[in-house]
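After this come two complexes, each holding chain A, first together with chain B and then together with chain C.
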Partner chain A sequence: MTGLGPELRIFLRQRLAGPTLALLALLSAISVGAGILEIRRQTETIARIQPLQAAEEAAVAAWVSRDGDAGNAAYYTFHATWDRPSALAFAALGQRDVAPYVLRVRALALESQIHEGENYNAELALPGRFDWAFVLTFLAPLILIVLMHDLVSGEREAGRLQALQAAGARLGLWAHRAGLRLGLVFLAVAAPFAVGAGMSGAKAAEVLALLTAAGLYLAFWTLVCLGVGALGRSSVANGAVLAATWVVLTLVLPALAHIVINSANPVRQGVELTLAQREAVHAGWDKPKDATLTAFFRVHPEWRNTPPVTSGFHWKWYYAFQHLGDLSVADPVLAYRRGLESRDAWTARTGLVLPAVGVQTTLHRMAGTDLAAQLAYQDRIRAFHERLRRFYYPYIFNETPFREGDFAKAPRWAEGG
Partner chain B sequence: MSPVLRIAANELRLMARARVAQLAIALVVALSAVAALTAISQGRESQEIRSRFQAQADREFDGQPARHPHRMVHYGHFVFRPLPALAGFDPGVDAFTGSTLFLEGHRQNSANFGDVRQSSLLVRFGQLTPAFVIQALGPLVLIFLGFGAIARERDSGRLNLHFAQGVKAGQVVLGKAAALSVVAGLILAPALAALAWLTVFVGAVPAAALMLAAGYAAYLLVWVLATTSISALAPSSRTALATLVAAWALSAILAPRLATDIALLAAPQPTRLETDIAIQRDLKKIGDSHNPDDPYFAAFRASVLKAYGVTRIEDLPVNYRGLIAIEGERLTSALFERYAERQFADQRHQSGLALALGGISPTLALRSLSMAASGTDLEGHRRFLRQAEAYRYAIVQRLNRLQAERLTYSDDSKRNSDPGAGRRVRIDPGAWRQTPDFVYRPASTAESLAASTPGLLLLGAWIALASGLAWAASRRLERAGA
Partner chain C sequence: MPDLTAAEPAIDVRDLCVDRGGSPILKDLRLSVNAGEVYALLGGNGAGKSTTLAVLMGLLRPASGSVRVMGLDPATQADAVRRRIAYLPETVALYETLSAYENIAYFLGLSGARPSREEMDAALDAAGLQAGARTRRTGGFSKGMRQKVAIAMALLREVPVLLLDEPTTGLDPVATADFNRLVGGLRARGAAILMVTHDLLGAADCADRIGVLAGGGIVEEAPAREGLDVLALHRRFGEAAAG
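Up next is the complex of A and B:
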């Protein structure tokens, strides 16, 4: 058994070793820096919309409170919601670049508001972001391959293999050398991440869990390198086989899995439900008001005994058919969501077989930037919208004037729910 | 037989015998074929779904009952972006932009239900399309089969044998490159077949398909030349492999993502929410139609009264409420357009920054050409958004005109208090059927060819660079052999 010190010196004396590791550390640091900048930008955006939103609300309040019409207040006031990035989001930006993290809703039918998209440059979103998850998943294994493909074959080609074996080197030596390379690669990738996590105030347990996932992923690739190396081919052949393995495991199979999963779980309900919801809402204008209100009172019996609607138009009736429009598509909404969840679940299962998918799934789950996080944000918006409706209903159904002071009483978006 | 051809033939014979080479070529050709088949069938399916939804939306619009025209303004219309024929080759940003847009009065909605938000993070691994296979995997196969082409012969001393027979170094480089070009042709074959299919059976524009074929051929040629040159220049075949794989990782994997981050950092865009608020503010600055004393709308009323030579809006031959609606829509739409154009300009600036990085990555240059020629670049989506906005404006104003001309002011004002007036303001649904349907006009051939030109020029520069490298490699070999 040799000590770690001499082995480290031997390793670093190799022409490519030092620069390769430095390159990886540099790329990792850049990705962490870029991720932190992006998250800071998102946090600043969330802070920036607060005064904008307040001013907008004050402007609505100024003219609505003149005649105190609660229906107008509910119709014209947008309420801001936002999805603050987690402390680990910088490491895996995930879907945050294509899904909105700030969205305004009003007390009108929700299904025509909740699927709104964000303005983003699709050409830039297409290749994805240069975040830490990318460096770990795609680049770190390549670096490991560079450092490990000639672990044994390099000694054989240099004519030292027999001498090493004669000196009693067995598995221990190779494990030692492989472990050293794995450790150094892990350090190069993980150190910038750990610094970034410290800067963004991530919980130690979460950081540790994420690092464990990263370590396991790199250990998998170390084993692949050792396995290919054990077949006794030349360094060149090992390099080629390992690079091909990398391509198949990180590019080809995930792309194939994507096609299979998406076509096995079609989600056409998204478009269908918006078309159907529009029909339901607008049919409300042509249906007898009594029928609409009766249906609404079945869901909200607490307003049954309020003054009846006699005029041609009344906000009561309007908000009733808005809500009924949402209720009419409850089934497709659920089916749509099930479809999305099923895609996500199959991806997680794929991750059990494909380590690249597995580590991405884990990272994005922990960072709260995956599809599930997007759906969770939508759930919070739904709950908030419910509170909004219930806030405006007493004014509308009891025909209570809505005054300037009432604007401040409206529910506010609460962090974390 | 000329020495170049002999060397090429020998190299090909060698490859044909090597199991790794057979496997690599078979794999990439099979992948390319699978990608082409799935992309074409998915493209057709998704186009069918979109036209079915479009037909449904048109039918539902036409089938609306008698209504107040302003109800129809809010009922609005759905339009779907048709998928261009060549999306079966390169779907480009299609999955990353919503394909359906809800059009209504006073509002500009986002295009929704893009695949990217409906997919798990797998969508970020890249989509298996003919374009992806050649862009990302094609060069890698060339590298694996070609890194040793010259380096191996030098390691084994066979190179000197060539020189002893009077073969020039340049002929060796050319011969090896020719052999590798045959491999490139094999890699390209399924994609060319897909392009031919799309042209003949799906109605793709032949010129655009030719542009794609030329672009992809040029791209693979860059890698053929680079691989052969590096194989000649590198001190050993191992170094050649390492250098080439590093160059590939930089070009195909690293550069696209780095380009994204650099562009977004250099030119960030406001969120939709901020833009919405900014539009609302600008609108208030012009005038507030809710305020009866608003100077802008007071002036508007005065000008209308003057134009018709009456003193009271009740005496106007048209419904003043309809005129207000027309004027309001004109104001909001002008703002929408101004903000949308600003956003488009920002995005074009971002994409330009990213393409500038095509200077370090031929893959970026090809990607730009490929999406532009396929009609699946962001410009294609912007074209859709622009046409949809023009359509939105046209149908909303048409409905507003119906309100102004077919309804009386007195009925419109009493519609909620007087049931008779409430009935009279509902106009005959024939008017909905007469509203024209949305017809999307795709980019003209000249436009898509022009859009592909920057990418083509960049690829041309890359070919020049790679040729220079090959020339330098020949010179170096010549000196070493002499």
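Up next is the complex of A and C:
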């Protein structure tokens, strides 16, 4: 067995080896840079919204506190919520480029506020971001194929194979060479990521876990290359078979799986929930106030014995039918969520047999940019909204004046919800 | 070089049969090469010359028969056999991006040897490669120069057996004579050399014995001594190859 130095010398002196690796490292660096810029933009947006929120709240407070109307305070005050990206989000943007990461909510009906942001341009979302996960999932295997398709066949075609075998080359030589190529490809992909992770302040254990997933994925493709090479065909044939394998495993089968999963788990669009809830809320204007309030007091009996609504507009009645609007879509919202979770679960199962799907699912989960993270943010918004309602209800139902000092007591969005 | 003067031949092939794709390539081939002897195995295209070499290197398993290289069975002791063999293909293919020194270090490194620069120079001197060429990348080397590098490797490995596959094909007469001198030098060191070729004249020039392979076996074997009627052998060789 030869040492690393001679093998490295032979490999790197091949005409295309160095430039190919350099290209991969460059693409990896660009994807990391693009991811960091996107996450920085999101972080800056989150930072920028906080002083703006304070300024707007002060303006509303100055205006509302003149007549002390709590209904106006609840109606006109937007409360900022945000989902801060994890330190690894730059590597796998996942849902962060299509789902809202900042949402300003009011104490009105919530579900339409959550889901109206899901009305995005599907054509723009389809190609996805050029992030590090994309480079790892789609481009790195191609580079491995370029570097490994002729591992043995190239030696045979150059007339060296028999001489190598006669000189003592064993299976270990090919494993050594395959390992070298795998290591260099991994280095070209991982080094820019490690730099990006360092800049983002990611924890070493998280970085290591993500790199392990990346290494296993590349090892899978190395085994595919070795398996195809072991069939003893020419380099051209190996290249063609491996390219076809890449197309099938990274494009065709994941796309088919996506279609099958979506067909098997039909999910209404979020914007339909928005529409359904708004129709329910708007219908509240035409219903008798007693019926609305009776229904509301069934879920909030603590406000049953407050001063009655006699005639005309009253905030009690207004916030009651707002909340009933949320309750009216509770079942479809739950079904929507279950549908999304079911799709996600099936996608994860698909990842067990399709490594390209598996590695993407894993990276998004590790980076906190997957569907679960998006739904967790929605759950935190719902919990926050509940606190908002319960903060405003005593003022509204007891008809207590809402003064400037009361704004300071309003719930604030915290990172945890 | 190890002592090769023992009674047992360095290469001993008895009743060797090899099939490829259901067709017999070698049928009851009998062949032996002693230490310090050059055996030229002549044969037409497809006669089974390269197949014989592949069997000797343990790259191909025989259907039947006995094969021994330095007393070892290549079919079951391939690694041990290869450690005792140097193989020169028709076209010595080196790593073209490496220098002669680097190629030698690499190929010898495969069997765990680590020759010093002085040892490599001594071998390359013996093989006749110019000093100025040794640090150059071998991509620009002629066939003869590449053969010299391969011979230097064989010298450094001190192997008792050399297998030469069509070594003089494509060489001009001067380079052929040069190569034959090298083979003579290796023989003088005690190596057993099996050279497969269809260059009868070259074989007569440097071999001790000449065997004609046809129909899967040796149809004629003659000592290549002074007075050998090369023309008559050539005629018989042609008839055997055609028949």
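Following the convention adopted for this analysis, the second predicted complex is superposed on the first by the 399 of 417 C-alpha atoms of A that agree within 3 Å, B and C clash if a C-alpha of one lies under 4 Å from a C-alpha of the other, contacts with A are read in each partner's own complex, and residues count from 1 in each chain.
Criterion: contacts are C-beta pairs under 8 Å (C-beta built on N, C-alpha and C of every residue); 3 or more make two chains touch, one makes a residue touch a chain.
What you see is a predicted model, and the numbers here were worked out from it, not measured in a lab.
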Clash-or-fit label for the pair chain B, chain C on chain A: fit
C-alpha centroid angle, chain C to chain B via chain A, nearest 10°: 90
Touching partner for A:Gln360 - first (chain B), second (chain C), both, neither: first
Partner contacting more residues of chain A (chain B vs chain C): B
Touched partner set for A:Arg13, first chain B, second chain C, both or neither: second
Contacts of A:Val252 with chain B and chain C, given as first, second, both or neither: first
First (chain B), second (chain C), both or neither touched by A:Val271: first
Lowest inter-chain C-alpha distance for chain C and chain B in the superposed arrangement, angstrom: 16
Common interface residues of chain A - those touching chain B in one complex and chain C in the other: none
List of chain A residues in touch with chain B within their complex: 16, 27, 34, 37-38, 41, 45, 48-49, 52-53, 56, 59, 63, 80, 94-95, 98-100, 102-104, 112, 115-130, 134, 138-139, 142, 146, 150, 235-237, 239-240, 243-244, 247, 250-252, 254-259, 261-263, 267-268, 270-271, 274-275, 278-279, 282, 285-286, 311-313, 339-340, 343-344, 346-347, 350, 356-357, 360-361, 364, 370-371, 374
Footprint of chain A on chain C - complex, ascending: 54, 57, 59, 79, 82-83, 85-87, 89, 91-95, 97-98, 102, 105-112, 150, 153, 163
Chain A - residues contacting chain C, complex: 1-3, 6, 9-10, 13-14, 158-160, 162-170, 173
Touching residues (chain side chain B, partner chain A) in the complex: 20, 24, 31, 38, 42, 49, 53, 56-57, 60, 64-65, 67, 71, 74-76, 78, 92-93, 96-98, 100, 102, 109-128, 132, 136-137, 140, 144, 148, 237-238, 241-242, 245, 249, 253-254, 256-261, 263-265, 268-277, 280-281, 284, 288, 290-291, 343, 347, 350-351, 354, 371, 377-378, 381, 415-419, 422
